[in-house]
């Protein structure tokens, strides 16, 4: 990654900050994540009245120390990267800036400091540190499964929302006049979501026999419906896993994704084992030479 | 879909209203869905006392505007379709009518307007708009899985209902005399459903040690039983997925199980589309004729 | 099932009552199930104070009518079956008797009538009626999956119970002195079950920061642990399904359970397709005749 | 397992205490587990005020009897095992000691007795008793699945924790000023965990319309996210199952994937156990040598 000549200071700083493969880079990332977690904890604790009363001043100082550290880090990043513009407009570039600004906005509009918890988003950087131990490929498997099932999930969510509006309205008609909890359709829909998702706060509950019967139906339905996203994710995860496992590549056209038993490439039709080597997997069907 | 001569106005209107493949048709469907969502939101918000007090008059006008729009749309549909009777008696035909009637019934019997939320059912039309991007096949996969597992689900639901009646009755015997929440078997059964489905409102909870022990058993049982519908759906979804994938057969060796993008048979290497037709799916790699 | 000569009355009654294949038998079973459901509904409704006040007398009569009907049915069953003893000691024989006795015991010890809800168990007979449409094989699939995973479930449940005792005790140590809800270990264990199973009544909730942190851990754990029974059931259901699907039988030794791609019997080694017929599945590997 | 000469007393005691294969050893383990469960029950019940008032003295004696029994057992274990040091530092060695100490510490610091519930950990020994019936291999399957999916679970849990902090903070900003339940970010995060895990105590619930809308989003998200660990565990359990099943290879054609009971290769028909050894599994059908 570096040329033969000694890299410049800027290049060396870039490697430490932006890459996790070197010991210094990994150390920097770990230190950064600890700083992020501490700063998020400070923001969170500062909102607890009793803690604020006793340690408010300390936490105020801590917040500005963290802000100064993150500001310097942001400026160094901008300085050492080859394309500062691309970084500044990237997802992490925007998050990095958004983690500093609220402190300053808070000087003008008190309360904005609470937005500092979005610093937690930077913790997603942790995946980069863990890249060396294949964590990112795991995350990719999860993301692949989610992406592949996005269409199914949209169909599922819109069906659930339709159900929830209908059941909420029915409960409004049934209990609206007698039960304060169902005094409007939006409240009833909120109840239906609470019930169908099996969360069940209990802040709104049916009181009439018909309402309870209705609630029973929604609960049994929710109990069954929860199986659908699980089925979707399991299916897609399985598919993503299979795709990841089938790493045999066609020597002719470089196509991947051959099934375990395939003898010929599905894209170009070439024999996958024309020059059989001992890497030929057991269980392969040997075909006549006339092919 | 249309003959060579210029289609009549009625035919052109029909294509816009009933089909989503043309730009005008897609636009119409999107506009319709927005109108549906707005009208449902209006009905829902009108039931919130504070909103009704301030915007009641506006929402009343909005309701009649939407009703007029949907009435005109319904009449146009009846006019332009070839078989108005079949449409009027179809699922969407009945839903379309049911979305208009409550406004008029509401003139005679106040309160019927709340039934207008069934307009949300029309949103299921959204799947037609999305047809172009294969959303419907996804919905079909879900429906196939549900249909294929219908028998298993009936067996499962009747077992759950039996359990719920038995546990509810036991709790009535245990806590009925000391706990207001279990004062009758139907109420206890309602509690059992709440618990077994892991919703857990907390409006009825056991108070005696024996009752709590019983509740613990029901909870652990519910925790395990929730796995059954998930297993069923996952299994059937997997089967439906396999069926959807494995429909192409090699004309040479009758091998099945080709992946969606395959051009050549994985067993014998024969071209799967030797006589290319226009049914060849987009994304297929066109190969030289010499094959 | 019947010999050439006309069957005796006793035999004909037996076929109607004990078998569901004939129209009369199916009709009898359906009528019986309706009677069971009605009688259970009557027992349940009689415990609702307002219903009891108004329809108590009617329900009392109904109960005795149902009891008389079930008593006669029980006696007829004993009379017409070939081995009354075996029936009387079978699962359904005991259930049938247990559905009648509480009415009579109730004459001596009021309250025993509530036990009549065990009549619902007789509804399991419904599976016999549905046998004709393969419902029982579905139930068997579920039961097979449960039985096959019994060992895994025992390991899982004992691990969960250990976790629940440990977390309950920890919460007792943490909140026991300040929170009435955690005033003893059994109560705390009850809370832990409520939380781990994601039921979450909310009748007992942590109030101290440490207690809430602890509860957070239990919740995240429960969220993950719920995946285990699902995984177990899905796996076993899949296995049971595969076993059910592989119905090819070896012509030599009648062994079943051959995998989809098998050419030779796994038990006796005979060629499964020695005399190829047109039932040979496409995709089968044709072997040299020398075998 | 023992040599020809009569084993010493120490050796015989060791076999009884540390091994479960002999009848005496199995009996000892079962007795031990009953003692453990009773002692845990005694500790738990002693924390219930009403029980303590009536049976406090009895339970105090019982505790010391159990402690004496476990102390003697611990000393005998140390005496009879070949390497007492290795045992004392092993997982069960430490647990065994930790099950005795709290009684003595309790003499100095009252309240330490409650730590005696960690005796429940010793119940994990139950898996050793059940080893004979393959329970441990089941536990290993579960552990394998968990271990293999550890990386995916870390990625999943850190994503969930990030979501929970962000949603908690948003709710603090939305409802913090009007709702006592969201008076600090940590409390709001606790609410977010309660909701996302579908536990839903209901001790903290949103009251403003925006807050309820937010809660609805969290619930729907939680409903979908719960599918992810299930998918992970199902996938890994499936893999672990396959690994356990597919370990036998045909010596002739190297085919894999023979079922547990297979005697002949499904591909080439060769005998899988041509040179039968004593590793042949019980339940195998012995075939004539002429094969």
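In order of appearance the chains are A, B, C and D, and numbering begins at 1 in each one.
Keep this in mind: contacts are C-beta pairs under 8 Å (C-beta built on N, C-alpha and C of every residue); 3 or more make two chains touch, one makes a residue touch a chain.
Quick caveat, the model's predicted, so the values are computed rather than measured.
*Asks:* Name whichever of B-C and C-D has more C-beta pairs touching across its two chains.
*Replies:* More C-beta contacts join the chains of C-D.
*Asks:* Taking shared residue numbers divided by all residue numbers at the interface, is the value for chain A and chain D over half (same) or under half (different)?
*Replies:* Comparing the two copies, chain A and chain D contact each other through largely different residue numbers, since under half are shared.
*Asks:* Measure off the straight-line distance from the CA centroid of chain A to the CA centroid of chain C, and report it in whole Å.
*Replies:* 39
*Asks:* Could you tell me the distance, in whole angstrom, between the mean C-alpha positions of chain B and chain C?
*Replies:* The computed centroid separation for chain B versus chain C comes out at 29 Å.
*Asks:* If I count partner chains per residue in chain D, which residues reach a count of at least 2?
*Replies:* 186-187, 198-202, 226, 230, 232, 234, 238, 257, 267
*Asks:* In the complex of these two chains, what residues of chain B are touching chain D?
*Replies:* Interface residues on the chain B side: 198-202, 230, 234.
*Asks:* Which residues of chain B touch chain A once you look at their complex with the stated criterion?
*Replies:* Touching chain A: residues 40, 43-45, 47-49, 111, 114-115, 117-118, 120-121, 123-124, 126-127, 133-135, 138-139, 141-142, 145, 153, 157, 160, 186-187, 189-190, 193-194, 196-203, 226, 229-230, 232-234, 236-238, 241, 257-259, 261-271, 285, 287, 291 of chain B.
*Asks:* Considering only the defined contacts, which chain D positions touch chain A in the complex?
*Replies:* 151-152, 154-156, 158, 162, 165-166, 169, 172-173, 176, 183-187, 189, 195, 198-202, 205, 209, 212, 215-216, 219-220, 222-224, 226-228, 230-232, 234-235, 238, 249, 253-257, 267
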